[in-house]
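The two complexes that follow have subunit A in common; it is paired with subunit B in the first and with subunit C in the second.
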Partner chain A sequence: MDFAGAGDGRERALALLLFSMADDEFVIGFSDSEWTGIGPILEEDVAISSIAQDELGHAQALYRLLADLVADGRDADAIAYDRPPEGYLHARLLDHPRGDWAATIVRRYLYDTADAARLDALADSSYRPLAELVAKIRREERYHLMHMETWLERLARASGEPRDRLLAALAEMGPDAGTVLAPLPGEPALVRHGIVGQPFATIETHWREGVGRTFARLGLPELPPTRDADHARSGHSEAFRALHEEFTMVRRSEVGATW
Partner chain B sequence: MTDSNPPDRDDDAADGRTLEPWEVFRREKDGDPMRHGGSVMAPDATLALHYAREMYSRRQESVHLWVVRRSDIHDLADLDLLQPPLDRSFKKPGGYVMRDKLAAAREQSGRAKPKANAG
Partner chain C sequence: MVMVKAAAPSELVSAAAVRRILATVHDPEIPTVSIVDLGLVHDVRVDPERISVELLPTFVACPALEVIRSTVVDALAVLDRPADVTFTFAVPWTTKRLTPAGAAGLRKAGIAPPAEPSAVHCPFCASGRVAMDNAFGPTLCRSLFYCRDCRQPFEAFKPI
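And then the complex of A and B:
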């Protein structure tokens, strides 16, 4: 990553935090938008598409904070689109492709709950622009969580294929769920400067407790520990490279164009 | 999604496996009455509310939503009952035209029509 404009340890750590959050929202937003037009029923098509759009909106707002912070001449769009695949800092959980409906619900449920825990720890951030944005984002994420919990419960309580597919998706993605809350390189600076309320390990513990209660209630297996937490946000999958190829395609078709 | 909701019914129609229509009522702003907005298809009340939220308030069009299972609505559409065929115009206040009678009474008493903001 290039942080030419980010000077001291605080700014560098803050930029990494913003990149990780923005890329998480951007990647899951773009990936879930693939359901538009092919949702299981019309109402759900609208619902998942609208949730995906919300995430792209959150990503845009976070990229704008980054553009202000890094101040290297790039605008939010340039930051969002003009990086090679390995330049993205989203969590490995989001490297999993959209998959079937159960996979989408599992990925979203795991991401939304982890993101909610992260947002809780940023509500009183000393970096005021972030705290103000987080207050708005949390209001929208509440509905996302409600919707995902409803669907997780529907699939978990159904017998046969819906539950089988849910369990298969959990087995596939469970070990990567914790990557959303894996410690960032600049974490000590983030905590010291009050940008994040608690260390990520503490946030992760709270998150695992909450998910654990829901899973126990639904008879789902406990989440496994995070696989390869040291590379939680690097070494992206082929599925992500294909997604990146797609979401940068139009922008690359005319470099420097004003759209 | 709201303050008080009845539990989902436990009969066949509410097993959560069958999509069925739910009627959506919405209040546009505080003080307005609930008005019928349209309908959504959903397998249960929770998802009906989620979908109603998407269809009828994702752009802040509502401050309050209700969803009602269409099969819970008792209806009456029998025109023999609602539009009785015999003339009953005498039941309507419109059967008595007061304007001409008032004008005649004023003329008789020699007084002009009172001004709207007299006094």
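And then the complex of A and C:
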């Protein structure tokens, strides 16, 4: 990442944290927005579009915090769009294409639960701008989580095709679920400075316990350990490159345009 | 006719005067509710050189924020003093910030004021026999309901 000028270890670690969170919200928000207009039923078209819009707003607010922190003249849009695909720091779970409805639900459920655990650990962050934003975001994310829990249960308790598709999506994405909470390079500095309340390993353990209880109740297989956790946020997929090509298209078509 | 804008004498530019003007600015999507009654106003400061207004976004991604900001700037222009209008997350906006007048204004616009789903009443006939159709609605801040008595679909402000 090109924020070498971001000062000491604390600032560098903080910038990495903000990049990872903002890119997570941006990529899942953009990816889920592909359902707009083609959702399986009208209510779900509205719901997933609304959720995607929330996520893009959260990403924008986080990119603004980054712009203030890094202060290298780039605004939130420049940070969000003007990077090559390999410059994005989202978790590998979000590299999967949106897939069918079951895959979208599985990915959102895994992401929303992990993100909720991460937000909990940031609620008392020593970095005030982040703590304030997190207080706001948590209130909105609660709606996403409730919705995904309802859908996960609906698919899991159905027999036949819905449950089969759910199981297939879990087999595909389960090994990448833990990438959202994989430790970041600057984690010791984040914990030492009170930016994050606990080490990511602790957050991840609690998250796995919670998901494990839900999966056991629904008769779903246990989540496997995280595959290649050391590269949780790099080496992005072809599916992400295609998504990147699309979400940067308008920005690239008229460089410097204002809206 | 030439409109002459009278500049307010500086001693008349008070925080109260600013708030009175803010009370005339309405949510662009809910014309019956002012941004004051919606609880968006976090802070108003008046200095000899500047006016500062801090507003709270209802939802982080609300696309109406820029419209609200520029409407407030335009409305404050009558005071003839530069105004900084910014959004802050210093405290989270919650539905508890809505005033009773704001709740009445929502009902007038056909939107049920925020409440737990079991406590939502139809804004048209006041019936409590309502059902939530979708927690998500046409805007980020609203859910979709249906009234079993007057058989009218309606929107309800999401409690957050």
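Descriptive notes on the structure:
Rule of thumb we're sticking to: the second predicted complex is superposed on the first by the 257 of 259 C-alpha atoms of A that agree within 3 Å, B and C clash if a C-alpha of one lies under 4 Å from a C-alpha of the other, contacts with A are read in each partner's own complex, and residues count from 1 in each chain.
The working rule: a residue touches a chain if its C-beta (ideal position, glycine included) is under 8 Å from a C-beta of that chain, and two chains touch if they have at least 3 such contacts.
Predicted model only: the values in this text are computed from it and were never measured.
Clashing of subunit B with subunit C is the outcome of superposition onto subunit A. In the superposition on chain A, A:154 contacts subunit B only, with no contact to subunit C.
The larger set of touched subunit A residues comes from C, when the choice is between subunit B and subunit C.
In the superposed pair of complexes, A:56 makes contact with subunit C only, with no contact to subunit B. When the two complexes are overlaid on their common chain A, residue A:137 makes contact with subunit C while staying clear of subunit B. Once chain A of one complex is fitted onto chain A of the other, the partner contacts of A:41 are limited to subunit B, with no touch recorded for subunit C.
By the document's definition of touching, both partners, subunit B and subunit C, reach A:146.
Of the two partner chains placed around the shared chain by superposition, neither subunit B nor subunit C is touched by A:255. Applying the stated touch rule to the two superposed structures, the overlap between the subunit B and subunit C interfaces on subunit A comprises residues 43, 46-47, 50, 143, 146-147. Contact residues on subunit A toward subunit B in their complex (touch as defined above): 41-44, 46-47, 50, 143, 146-147, 150, 154, 158.
The touching residues of subunit A, counted against subunit C in their complex, run 43, 46-47, 49-51, 53-58, 60-61, 129, 132-133, 135-137, 139-140, 142-143, 146-147. Touching subunit A in their complex are the following residues of subunit B: 1, 16-17, 19, 40-43, 46-47, 50-51, 53-55, 58.
Of all residues in subunit C, those touching subunit A in their complex are 57, 59-62, 88-94, 133-138, 140, 144, 158, 160.
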